[in-house]
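The next block holds one structure in the form of structure tokens; read it before the comments.
Labels run A, B, C and D following the written order; every chain starts at residue 1.
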Amino acid sequence: MDGVQAAIVGTGYGSVELIRLLTRHPRVKEIRVFTHSREGEALEEIYPHLEGILDVTLEPFAPERVTDAGDVVFFGTPAGVSGALAPSLLEAGLRVIDLSGDFRLRDGARYETWYGRPSAPKRWLDQAVYGLAEIARDEVRKARLVANPGCYPTAALLALYPLVQAQAVDLDTLVLDGKSGVSGAGRGVSLGVHFSEVNENVKAYKVGVHQHIPEIEQAVEGWAGRPVSLVFVPHLVPMTRGILMTVYARWIGGAVPDTEGLLELYRRQYADAPFIRVLPAGRQPATKGVYGTNFVDLGVAFDGRTKTVIVTAAIDNLVKGAAGQAVQNMNVMFGWAETLGLLDVPLFP
Amino acid sequence: MDGVQAAIVGTGYGSVELIRLLTRHPRVKEIRVFTHSREGEALEEIYPHLEGILDVTLEPFAPERVTDAGDVVFFGTPAGVSGALAPSLLEAGLRVIDLSGDFRLRDGARYETWYGRPSAPKRWLDQAVYGLAEIARDEVRKARLVANPGCYPTAALLALYPLVQAQAVDLDTLVLDGKSGVSGAGRGVSLGVHFSEVNENVKAYKVGVHQHIPEIEQAVEGWAGRPVSLVFVPHLVPMTRGILMTVYARWIGGAVPDTEGLLELYRRQYADAPFIRVLPAGRQPATKGVYGTNFVDLGVAFDGRTKTVIVTAAIDNLVKGAAGQAVQNMNVMFGWAETLGLLDVPLFP
Amino acid sequence: MDGVQAAIVGTGYGSVELIRLLTRHPRVKEIRVFTHSREGEALEEIYPHLEGILDVTLEPFAPERVTDAGDVVFFGTPAGVSGALAPSLLEAGLRVIDLSGDFRLRDGARYETWYGRPSAPKRWLDQAVYGLAEIARDEVRKARLVANPGCYPTAALLALYPLVQAQAVDLDTLVLDGKSGVSGAGRGVSLGVHFSEVNENVKAYKVGVHQHIPEIEQAVEGWAGRPVSLVFVPHLVPMTRGILMTVYARWIGGAVPDTEGLLELYRRQYADAPFIRVLPAGRQPATKGVYGTNFVDLGVAFDGRTKTVIVTAAIDNLVKGAAGQAVQNMNVMFGWAETLGLLDVPLFP
Amino acid sequence: MDGVQAAIVGTGYGSVELIRLLTRHPRVKEIRVFTHSREGEALEEIYPHLEGILDVTLEPFAPERVTDAGDVVFFGTPAGVSGALAPSLLEAGLRVIDLSGDFRLRDGARYETWYGRPSAPKRWLDQAVYGLAEIARDEVRKARLVANPGCYPTAALLALYPLVQAQAVDLDTLVLDGKSGVSGAGRGVSLGVHFSEVNENVKAYKVGVHQHIPEIEQAVEGWAGRPVSLVFVPHLVPMTRGILMTVYARWIGGAVPDTEGLLELYRRQYADAPFIRVLPAGRQPATKGVYGTNFVDLGVAFDGRTKTVIVTAAIDNLVKGAAGQAVQNMNVMFGWAETLGLLDVPLFP
């Protein structure tokens, strides 16, 4: 069969979602999974739902094994891992798609400030392409190393982009309020993900210090050509999957728009983006509406009383916010149809 | 026994929560429940969890019956009901605590704009006291008619008050992002509260048109002495009880504060408020932390990068956001201890 | 394109799940949806998550329109509808797969007892094949009319079959305890599916009177060649999808088995059943392990102390318990691979 | 103030629920909390919802400190702790109520088989009273050491007792199917309680080996005067609180009863039990109906087709299944009203 070999490093939720998507991807002929701690185990021991579906034994991570395994390597690892390990794989000619934050911030100092650890080598930070294909499709196409965007930034940036492009909103008073399901916290165990503590509960966390703040700011700065500081507060809600991002932006774009005019702006901007669905006026996106898919549902409203544009974006944090977007980037990098293996109908209800 | 007779009109979630709280209130000696549609039914037919606890038969609403029944009447009715029915009870000398929105907006025209129906008579709107006891304890004490605040406004206003009092934030760029459990939508059946459609789902609703917007603005305007337009977007989250309100306010108060300074402001303001818990720096309130109680948990943080105060307020929407606050107001109106019958330990987990 | 035209009657959860599965089925070239009450509406008005995915306008049900529309018709309708409407379609040469209970009970009197309404015509009851393909693949292959099994019976019968075949358990003391997610109750609104009443709640319902009881008994009787009365109690649990069926059967099969021996019995029985996964000893199936898929996960244990075989079966009630099994039956009826369009990886977490 | 001093050992969910109940108990004047690992911490650091409510610093466990602290000691500790520590406290004259399983099985060998560890000293096993007050009120009244029943056994035994007393059912084919919320697994962190793995999921666990099996059997044996082996399978359901136990028992009691006759049997048996609510015919108990309370709701049905009595029992696993029952036992031991401090209205919805 004609196709690529894919290597996955890590066994967290992002990796297992990659496995789900790559298993049925028509151009992926083999999947191997690498780990630092569980080598020799069968994948289905760790993820019983894979029983009988994928006969994969976890392999110990070693650069030469991975080089051997793949045309493309996906890192679904904690901060600090891909920054150290990806370079040798890149040098060996593999393409790398990194689901962690290690290559997202172009400025190493910024990374060190927000992540509290040394950044990846500057040489590779320079080469990394921030993989928001809807906006940077051409760069992704030529990339060897793609920094797959974070879950919150994916929702926030796709909600913001048309407004920033149109120079229509005040970049100094942006407020982003994110609501995420619990799977965003990963598979590690802690009181913070204990069912009895999380169920029937909503709370904010990492107020003012979440590492996705500089990632969002960097992108907006790139579009606007000037420094931007914005407010982002993430919240944990009692569900497994999904992010809803609510963006509040003050209109400064001259003639005051109506909602329909704003929708037209969004539709035009995303006319070629197969995963973005700009909802009709008056409809609000729901995370359940994109469940298990790579869709980004956008709701746009203009609050005339306060001259505020209110954009809501719903994604599945594990698909468009992680593994699905990684596959989308792979598709673009390899010159395949952007939607290959990704055109699912949302699981509803 | 020495005590008052309480009448409740309506059988929704607010009413049944009132029943829970009044049943064990040391100064309430009798509870009668009135309805427009289910007279003659036993309460436990409608609410089986009350089996054997409270032997109450629903009575048809009629002013003279209610007058007969009570020293104080609680309205837990849809918009438009108490505005029409409360006046005759007030004239008969009863005290009225209205959990609906009918007496919350002092300006009848404003009510008609946001509620889309005729307002209560101006004479009674003028006499109604907005029952946020933490801020207007003295007015509540003297009131005959208390407009019990809405669930979102309760959280929003208690989060905002110290900042507005201190003239420390820009009232023209306030953003309020609310997250509510499903019980806030009431007991009526619809697709919007169907478990299969709400579970694993977050969405915004009534963007820019929620009737709690003018209620919040009216209070802030009263404190600030000038018109205020603010942004508020409510969201539905998959849990039964609880509201988390996240307030974003730009600092304009001169010397830039630190979080500890802000906390001190809040602690001072609420030193005499028995239900408000200002959490230590770095702690964020969780709706589960106030489950089943009248507490308001406040988290205060200052985001120096954007000069934004971020206040989060957690309440139980059915207690402090409805029935509990109503009982608190009754306590104040009757000159009893404000906390009487309300000092519960949150149900956790 | 070479393929069949599929017609779906009804717009409930079973139908929308059919749409999800048929949309990407490689042999289905067109899908049309018929309704009795919402003709003219776009499908995405009723199911916003389908926005932009499937451009279908609901058509009024009329036999000739449906005949025109399809090679195969799926009924996802309430009791009583397909029994009346399917015959004319069958006579027109269409194949019919009925997701309702109208053709499941061969004995019309039994149907009338349990469903409280007239049964379908005897002639068609006689021709209907009970579509549990794992057990009756050959009959399904030749069928024109397939009665798609109910959700609970699917789980119960696949758990029971090897034991009954082996004549190993006492058919007079069978106990079946079912736990279902809320989507099993359909999309109709009622207090019984109100999030605030269902969340944090488990209860039994229809004790002793559930219409799936005769369906299960009929099948077991067919295998055993004698009358059987068994106990089945369904329970509602606070989740959207999934059924876990726990089967308790007393061993009377001579030499007392061990769990491994029982597992071997199951593995042998289902060696050719691509959707059945018999889990290794000591592992228990979880509904989340089959989420969104047509798998049936079986856990088998022998409790030596009580000589009881305990079999647990997990299915997704909307897939293997409804739409997925219907597609599986379509595959078998048309001579395609049984798994065509159905080999998904479970959505996890 | 006149009242007792209560000491609590342990800081798990059972202990924090005890704190909730004892804080407002009219006869408890002081609460002290002991721990083996977190001494010196404020209780509200571990349980932030207690902020400002209870100013308790955790004390290191030492027998003399505990003796000093209390009239009554509650153990909310893992298996093996109270068995070792309670004896010296008993010898010092304190009353002990043990929420763990250490004193529940009278036969040390049985404990060692099911718990896999040495049992408590025989002398104290002999003195321990199994604290199901509805059935053994007099023994509890005289007890110095009460073994507080397990959560599943509480529900199972109260459902079974009237049937066993009436010698009406076959004790050799009893089937008990339990469904529990996640808080029953305690506060320890693991994948098994991770929200993302537990939500939208039901599964059986510890099939045939759960340590509550011998506890249930021992009680039934005591009532029946002969050995009993029964089947019990526990299931985990995605909610925080609540147990629903479904009991299946074959009728052998002569004249076949109807449901009303059975209900009468239950009502008579529990006429003096203030926490037991026998629901009217046709009503099924729901865990939400007893949320946060010490009630036991019983639903009784007779399935004439299979001659099976089906009893369902709903309790709050942390109240009647743990802390509430412990307080009930304290009330009985001290000669107070059995319901003192326990007559709450269920939190609904």
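Methods note: a residue touches a chain if its C-beta (ideal position, glycine included) is under 8 Å from a C-beta of that chain, and two chains touch if they have at least 3 such contacts.
This structure is a prediction, so every number in the text was calculated from the model and none was measured.
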**Item:** Pair with more cross-chain C-beta pairs in contact, given B-C and A-C
**Value:** A-C
**Prompt:** Between B-D, A-B or A-D, which repeats the contact pattern of C-D in over half of its pairs?
**Reply:** A-B
**Asked** Once you find the CA centre of chain A and the CA centre of chain B, what distance in Å lies between them?
**Response** 38
**Prompt:** Between chain A and chain C, what's the gap in Å when you average each chain's C-alpha atoms?
**Reply:** 37
**Prompt:** What whole-number Å value describes the gap between the mean CA coordinates of chain B and chain C?
**Reply:** 46
**Asked** Got the chain B residues that touch at least 2 other chains?
**Response** 13, 181, 183, 187, 196, 199-200, 238-241, 286, 288, 291, 349
**Message:** Which stretch or stretches of chain C touch chain B in the complex?
**Reply:** 13, 181-183, 187, 189-191, 193-196, 198-200, 238-240
**Residue ranges of chain C touching chain D (in the complex, touch as defined)** = 173, 175, 177, 179, 181, 196-197, 199-205, 207-208, 229-231, 233, 235, 237-242, 244, 246, 248, 250, 284-288, 291, 299, 301-306, 308, 310, 312, 314, 349
**Prompt:** So in the complex, which bits of chain A are touching chain C?
**Reply:** 13, 16, 19-20, 23-24, 47-54, 183, 187, 199-200, 240-241, 277, 279, 283, 286, 288-292, 297, 343-349
